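First the structure, in the form of structure tokens, and then the observations on it.
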């Protein structure tokens, strides 16, 4: 199904093999030697393709699907249409991810340096790294092994990039130390001076921003997101963080491990997120706060105070999610209240 | 009035000609042979220039304007100052657009390929296309005829671009099929992998994103906006959509024809907008929803549920606009309520 | 403390000298000949380093700090630990900024033009300007003296840039006149056509955008921000404005002097901000408004009406901040109200 202009399929594979690599259980009656050549959505898959069901919104599509096989959780297995083989697992999306990666492995990176790239003589580039057209790599920069540096990306003086990290087209990195196996997407800007200045009636005085951005291993940063360098302490993006597109991270921010920041969210300066915090889309966190481990900040929430570990908050200004839900119920009643009630207020 | 550094004026033209090309009616007493050499705002226009009135906020400026001519709707024609020629039409802004385009036609694109551009030998480039400095065009990419590819833009392997489409400076396109006569502005990122991963206590597993971005004809995409490729199905931007700056479109999103997405709005994954939906600035739509034809989402609204065709919604979480307006009235009362009322609650 | 990969320290300096350049008062008993070699945060500074205290959140860190010296306001001086020298001033952050700039002066710009840059023969470039790899400078552009143009930046035809201005990597400038001593960060897009089109049932008609962007002197524009050119009048960014990352400025917007726009905020078309307006993060201002001198718009606020000079507003839609605070108190009560109260409403 995937467009061969862009994706090369390594399949087909037998169902038996897909069950093995994922640890899912093959449903009774399914033919373990049936061949699966591709992945496809429930509504378009044919009998040579495998799909998955992870969201009950798509239950009807599942029951009508022509897919030859489907990854599904045990409690929905009995809703499958006749003749569909099932890979049964408590984590269908994760299991589907492994199958799709098996069918469509990532392109290997091969060592190359485009003639139009400008690599400073004092920069180091590891073996097996691919440097695209128009790339600029500054003095004393250190690029690891097996990296892919996309066309027209700019790697500033002294920047360090770990092994296996991929940098997207037109990304701009400066004043940063990036770990291994990261994926920095197109247009990302890392290391610009933070928004630090003294304000008073005489005008603004820029405060030198003398920190760096530390991006730990296995981090993903989405297109056109911006991460400012620290003012003195560093800005730190913890290992395994997933940052979506158009996200703003201010100076001195510290993200723990495995935080998820969805598109267009923003974290103001000097705020610290402990491990595994989730910041939903368009949410904002003001500066100098601590957001506890595993906290969840709802979409468009505006967080003005510390959030304890594990707490979910919503609203602007944000409050505990149960209170916010009650407030929203109250808003709905107010929105529906007849105007004639006004005099009684 | 326009700065000749940047814009070349094709005028002057006689009022008669401007009436003809727009279909507007020339006011009684106006001299059809009067020459108009330029467009200008109401407050600065002189008697050789034409202006327009489309917003009643500017009615006072209209009554005081020295403009030689003005495009105006019939019901405001009698407010014109003495001596001003009028082009009367029910659609003044549209009419003004045609006049301004007549005075300032777009620069023609002339075939060229800058010596610093890197065009893969296996890429195809149509006749009459201009390729700027530092452009990178990947293997098997296909660029149509009469396109303009701005400096340092990056067109990835296999990307297809239709005739007459213009790509801005530093834009990054990958995994996409773009129609004809589109305008993709500077810094836009199209085709990055969607924010798709399985989350569980063991960590994140990336889900291969095997779809594309399909941009249909006559689409405009504003500076630094980001559009992720589909996870399996494609992300689709319908014909004639107008997308402003810094807008985020998640994977698998489908926009119908003629949708308008204003700056800093965002659409989460797998949501579908039917034709002619308007999403105002900084609004957000959560994933897996359907927004009906012609629906209007107010600025900063947060849409968490399907919206029926034609409905206007506002607020976060969003509700029908009439309810939202009533809620806002209630908020205003609460904001003005004296503190001494508190004990009575 | 600053990483020598990225920053070169000009110190050490004696306390006496730091007091002189800042005008701060050295505390009684402090040794004016003590040498300070670096700046550092309160919690990590040692006795050869200077820190500052500007926010009472860090008062405890101050009382425990090992810093050799600290910049502090008079009223907190008596909280200093024994043996810490103090530079006492009513403006500690400003004073610290001067000290840090003295220790870490900006790299001087030296005249250079990378061989991979494409400079149109009809462009003018002033003396002492540095042009990085892959830069594209268009016909009739004029770059001043002592500028730094970052790698892969694109300067369009006719663009004017004043002396001492720095342009970041991958920035895209067109249709603009930029003043002196500005700092335009990486990925910024200036001068794209505004979001101007006539909408009606027959479709959209683009309205030619015939204005420019005027960026006055000493302006800072953060990474990946976007500023559209005017439709006829110019878009104007007043002298000394500070614009953070991912900010959107629509066509015809006029910012007065010294406005501050924090990350992810947006100003819609034709709105005017008078001098010294502060727009906090993720706030939005709708079009055609006037925001009075010194007004303050809270984070995530949605401003739909003119704001008088000096007024602070909050909320969406925005209201005077005192009313908004009262409303927020009311929301908190509603959020905490027990469900059993519902029947009594």
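Each chain carries a letter (A, B and C) given by its place in the written order, and its residues are counted from 1.
One rule holds for everything that comes next: a residue touches a chain if its C-beta (ideal position, glycine included) is under 8 Å from a C-beta of that chain, and two chains touch if they have at least 3 such contacts.
Small disclaimer: the values here were computed from a predicted structure and weren't measured.
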> Among the remaining chains, which ones contact both chain A and chain B?
Replying inline: C
> After a C-alpha superposition of chain B on chain C, what does the rotation angle come to, in degrees rounded to the nearest 5?
Replying inline: 120
> Same or different: do the copies chain A and chain C touch each other through matching residue numbers, with over half of them shared?
Replying inline: different
> chain A to chain C: how many Å between their CA centres?
Replying inline: 27
> Going by the touch rule set out above, which residues of chain C reach two or more other chains?
Replying inline: 116, 134, 152, 170, 187, 224, 246, 264, 282, 300, 316
>> Give the list of chain B residues in touch with chain C in this complex.
In response: 1-3, 5-7, 39-41, 44, 55, 57, 91, 93-94, 96-98, 100-101, 103-104, 114, 116, 132-134, 150-152, 168-170, 183, 185-187, 220, 222-224, 240, 242, 244-246, 258, 260, 262-264, 281-282, 299-300, 316, 328, 331-332, 334-337, 339, 345
>> Under the stated contact criterion, what part of chain C meets chain B in this complex?
In response: 116, 118, 134, 136, 138, 140, 152, 154, 156-158, 160, 170-172, 174-175, 187, 189, 192-193, 195, 197-200, 203-208, 210-212, 224, 226, 228, 232-233, 246, 248, 250, 264, 266, 268, 282, 284, 286, 288, 300, 302, 315-317, 319-320, 323-324, 326-327, 330, 333
